[in-house]
Amino acid sequence: MTAPPFRKVLIANRGEIALRIARTCRELGIATVAVYSTPDRDSAAVRFADEAVHIGPAAPRRSYLSMPGPIEAALRCGADAVHPGYGFLSEDPDFATVCADNGLTFIGPRPEVMAAVGDKAKVRELMRAAGLPVLPGSDGAVPTLAEAERVASEIGYPVVVKAAAGGGGRGIGIARNAAELPRVLQETVALARAVFGNGEVYVERYVERARHVEVQVLGDQAGNVVHLGERDCSLQRRNQKLVEEAPSPGLDPRTRAALGEHAVAGAKAVGYTGAGTMEFLVDEAGTVTFMELNARIQVEHPVTEALTGIDLIREQIRIAAGLPLAVKQEDVRLSGAAIECRVNAEDPEADFRPAPGRLEVFDVPGGPWTRVDSGFVRGDTVPPYYDSLLAKLVVWAPTRAEALARADRALAEFVVAGPGVVTTIPLLRRLISHPVFAAGRHTTRFVHELLDG
Amino acid sequence: MTAPPFRKVLIANRGEIALRIARTCRELGIATVAVYSTPDRDSAAVRFADEAVHIGPAAPRRSYLSMPGPIEAALRCGADAVHPGYGFLSEDPDFATVCADNGLTFIGPRPEVMAAVGDKAKVRELMRAAGLPVLPGSDGAVPTLAEAERVASEIGYPVVVKAAAGGGGRGIGIARNAAELPRVLQETVALARAVFGNGEVYVERYVERARHVEVQVLGDQAGNVVHLGERDCSLQRRNQKLVEEAPSPGLDPRTRAALGEHAVAGAKAVGYTGAGTMEFLVDEAGTVTFMELNARIQVEHPVTEALTGIDLIREQIRIAAGLPLAVKQEDVRLSGAAIECRVNAEDPEADFRPAPGRLEVFDVPGGPWTRVDSGFVRGDTVPPYYDSLLAKLVVWAPTRAEALARADRALAEFVVAGPGVVTTIPLLRRLISHPVFAAGRHTTRFVHELLDG
Amino acid sequence: MSEQAWSEEFKLLRAEVSSLVKTIPGAVSTVVLRSGDRSVEVSWTHQEAPVARPPGEPEQPRDEVADPELRSVVAPLVGTFYVAPEPGAEPFARPGARVEPGQTVAIVEAMKLMNQVPSEWSGEVVEVLVADGQPVEFGQELLRVRVDGT
Amino acid sequence: MSEQAWSEEFKLLRAEVSSLVKTIPGAVSTVVLRSGDRSVEVSWTHQEAPVARPPGEPEQPRDEVADPELRSVVAPLVGTFYVAPEPGAEPFARPGARVEPGQTVAIVEAMKLMNQVPSEWSGEVVEVLVADGQPVEFGQELLRVRVDGT
């Protein structure tokens, strides 16, 4: 065996992704340090890691969102690198900088790249300059209502007003006509200030019915970039993904090839290193436009792992250690179809209200081509302070139809019970067996139209 | 979706393989009937199946080994086919015949093929006639001691005396010299009479240090046969497999190709239909000899599934329904490396004495490329009446070294506890991390030499 | 670990036990020391008096199912239940009939074989629970017999 | 392990049992020794009625650990614990010192920021539990304060 790329990695996250990262570290011969807030004291990730440090109380602001905890824990345990997972500090360029200042390798892109792609108005301009298609809209942020009105009348209504510091569907407002624009603009600016501390917004044409298709990229420190095919994440509710799959059903080969080329060109244009996701919209006419670049591992990365056989956490770690990409574009083979279902402790009957509690029964599915990533085992309590993800169920099959049947079989054997606990399992079964989804004719509006329509 | 190959399948088995079969049936849109003995009343397979019928008490002879139970249950529930799994009635040609007599499709080879390959002396002759290499030995069964002595002195000692009705390592005796032969012959005949009801034995050269390499084949009713590569099952203790893997480490490409050709030629020679396993010995010089043909799904079939992406239970069902093979030999692609570890409720410190009981903790591993097939969940009781298999852990990775690291990671997170329950997990971790195994330099004697040597 | 070191460790573990025992009232029932990764465990007993049942009250209400004199004849295998040796013939045992151990009380047909079902008891048939010609599972209750008083 | 070595270990384990049995009253019902990673386990039976506490006796012996007037000051974050504002300076609070709510009793340094740790209580410092310059976790006990009588 070759020497591990790092000696010890601190995982600055919780739940399933912390365990996911620890698993690959163990496989690479890297020791792990978990950090935990008080309610996560006995979590699976803490049990699995080689060491664990208590960094704060339940409130994320004082634990997983606070920089001193993981930094001090890493120094004290002698870690040489920090993996931020997704969410929390993972897209904060300051955290990457602080890691570097303390002699810790941040497993992710360079801070300046994170800063550039974190500004959604700026990255839109960078991608346009790199030749990628973007939706008609403002050149960067719109400073005034007058400017917003000018842009909107030029591109035509409806328009979407987006917070520059937002992303992942947070901080957006839709104006269907000129009369709505002042209110939408004001509300979005106010929200952006409150949530992101930055009131900058930009304006784009609003595409009502489209597919959310994202491309996984990997870039190394020598400037090599490959893409690992697309994921379709169109099954969303209020911009929260429920089901993700690959390949994107019904995508024609030319569009697929174009997406891959755009993704690589875009990542190269910003000097991207590590694992990243280029998000695109594909409208009903098949037109592709760039949306944003997520500078972290994605929740739904296992879908790509299932098709490629490539461990994305391993690649992140290797790239951060300065190793060259192990695969060339021509070696990337995409085989079969994979579907991820997010099993959340939420009550779809009560507007997806979180429904956490003690998991008195938590029998996860098994068997052929059935992967479960969860931070819980039977008997654990799901704390109410964090997201409501109980488990990611990922299945693979040679064809999409078989993968759908397999996902339904696996969901049918997934038994979760406990006082107050309600899950999205019945809804997921309903969605994946729906004729519109089974035929691949859904858009990002599908769940909304089905549940609220 | 096309129509399912059957409407309802009765699964004449228990434990993980019953659940495994039910899972694929569900995915194919086929209803399932489980059968159970009294202690299996609340088993995972019974919970998962659409219907379940109580067929007898704990004793296998009066439940899973008795034909009337599954036959009557199938008729009563309106099943149109019977899947026998492995063990129990799976290799009994009479059971296949009774199924046919009752209008039920037996999911397996034709009874006359089962009968032919069930006689290990006869199948050896059939394969020799088909041009396959067999070990020097008797032409069929040896009727007398004089004949056995003549054959042994011709081929040279040591020799192995094998029951014609045996198989899978049961019913064999080794004579290291002429003085030992009378006693070994007598004992093996007596054992074969007692256990198999048939005292016929044959004599072969004994290969002390070799690899157990088996090739998975699929044959359809139109006479097409493909092979799906080999599995290496050399990590055994007293002919009980502990770890299986694919590809076989250190096999040179010419030998691998020869194994595949032999397997297909042998299966064609006997008119084999369904999923079968051609077992070979590969000695230290790389010489291949045919051992036996197992006319059923094998415990370790997931290893082949991981490399090929082909669901073997699905293929068995489709073939039994008269459908042609979906894959041609040139379409079979073997990718990466897979390892199966059998987690048994046995105490390796006490000569592998079964150590069943209530599973107060049963936290199975998850995450990337980690498959668990088990008939148990936390809280279940492992009954003492059947085999001690708790779970099959199967991992895949691009390379063997990565697969070994992944298997060790997964075993490390596999937590089983309960009063009286002891597992093979620590032994499995010791075996797969042993330098001899890691280097692929082990033979079927390795575990014996390590533990008893 | 040297002998001295571990004796030292146990001394500290015992000191912990002493503190605990002094702190918490009650009769100690169990003490566990351990040394790998350290441990102290102390249990106390707190007996409550068992709740007495009013004298004379039966342990269980008398009902048919729990009738200590009622016994079941169950199916010895999966198959089809028949009350008589052939269609139209006299049943083996109607309610009210007396049966003796070994006496055939029904037939379960499986794979075209007629399996006679004997009574294990001497007594009176109270009820036949399955209709003629119906499928039965292994262990399914077929008849109830009130055994002769002991 | 050689026979002699393990016989030695058992002798030591037995000695532990003797000490425990002398310390705790009652009839011993079970003893478990073990040797891998060491262990001693002793159980007592108590058939007799629980001993009534003489009236007027306090419910709990007064001892430091369970003292209801003792409060902990815990680390507000992960970092390095310092007893004084700078090396060589006078400690914020030695054992015996009086502290008031809001008064700084220690510093936890994290990311080169000195985070002052205030006392929440008014009372007397009884013990400083962490040595100067040592790393601490969130929530770790740093000092104990005996609060002023209520």
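Some points to look at:
For reference, chains read A, B, C and D in written order, and residue numbers begin at 1 within each chain.
The rule we apply is simple: contacts are C-beta pairs under 8 Å (C-beta built on N, C-alpha and C of every residue); 3 or more make two chains touch, one makes a residue touch a chain.
By chain, with names taken from UniProt: A, B = biotin carboxylase; C, D = Biotin carboxyl carrier protein of acetyl-CoA carboxylase.
Just so it is clear, the structure is predicted and the values come from calculations on it, not from any experiment.
If you take chain B and chain D together, the chains in touch with both are A, C. With chains reduced to the mean position of their C-alpha atoms, the one farthest from chain A is C. Centres computed as Cα averages put chain B at a distance of 37 Å from chain C. The centroid of the Cα atoms in chain C and the matching centroid in chain D are 48 Å apart. Annotation: 53 Å between the Cα-based centres of chain A and chain C. Centroids of chain A and chain D (each the mean of its C-alpha atoms) stand 45 Å apart.
Of all residues in chain A, none touches two or more other chains. Viewed as a contact network, the protein chains form a single closed ring in which every chain touches exactly two others. Chain pairs recorded as touching, per the definition above, are A-B, A-D, B-C, C-D. Chain D makes touch with chain A in their complex at residues 77-80, 110-111, 113, 135, 137-140.
Within the complex formed with chain D, the residues of chain C that make contact are 3, 6-7, 10, 14, 17-19, 21-37, 43, 45-47. By the touch criterion given at the top, residues 1, 19-20, 23-24, 26-29, 48, 302, 305, 309-311, 335-336, 363-364, 366-374, 377-378, 396-398, 401-402, 405-406, 408-409, 412-413 of chain B touch chain A in their complex. Interface of chain D with chain C (complex): residues 8, 12, 16, 19-20, 23-26, 30, 36-46, 49-51, 53, 59-61, 63, 65-66.
On the side of chain B, the complex with chain C involves touching residues 38, 53-57, 63, 66-69, 71-73, 76, 98, 102.
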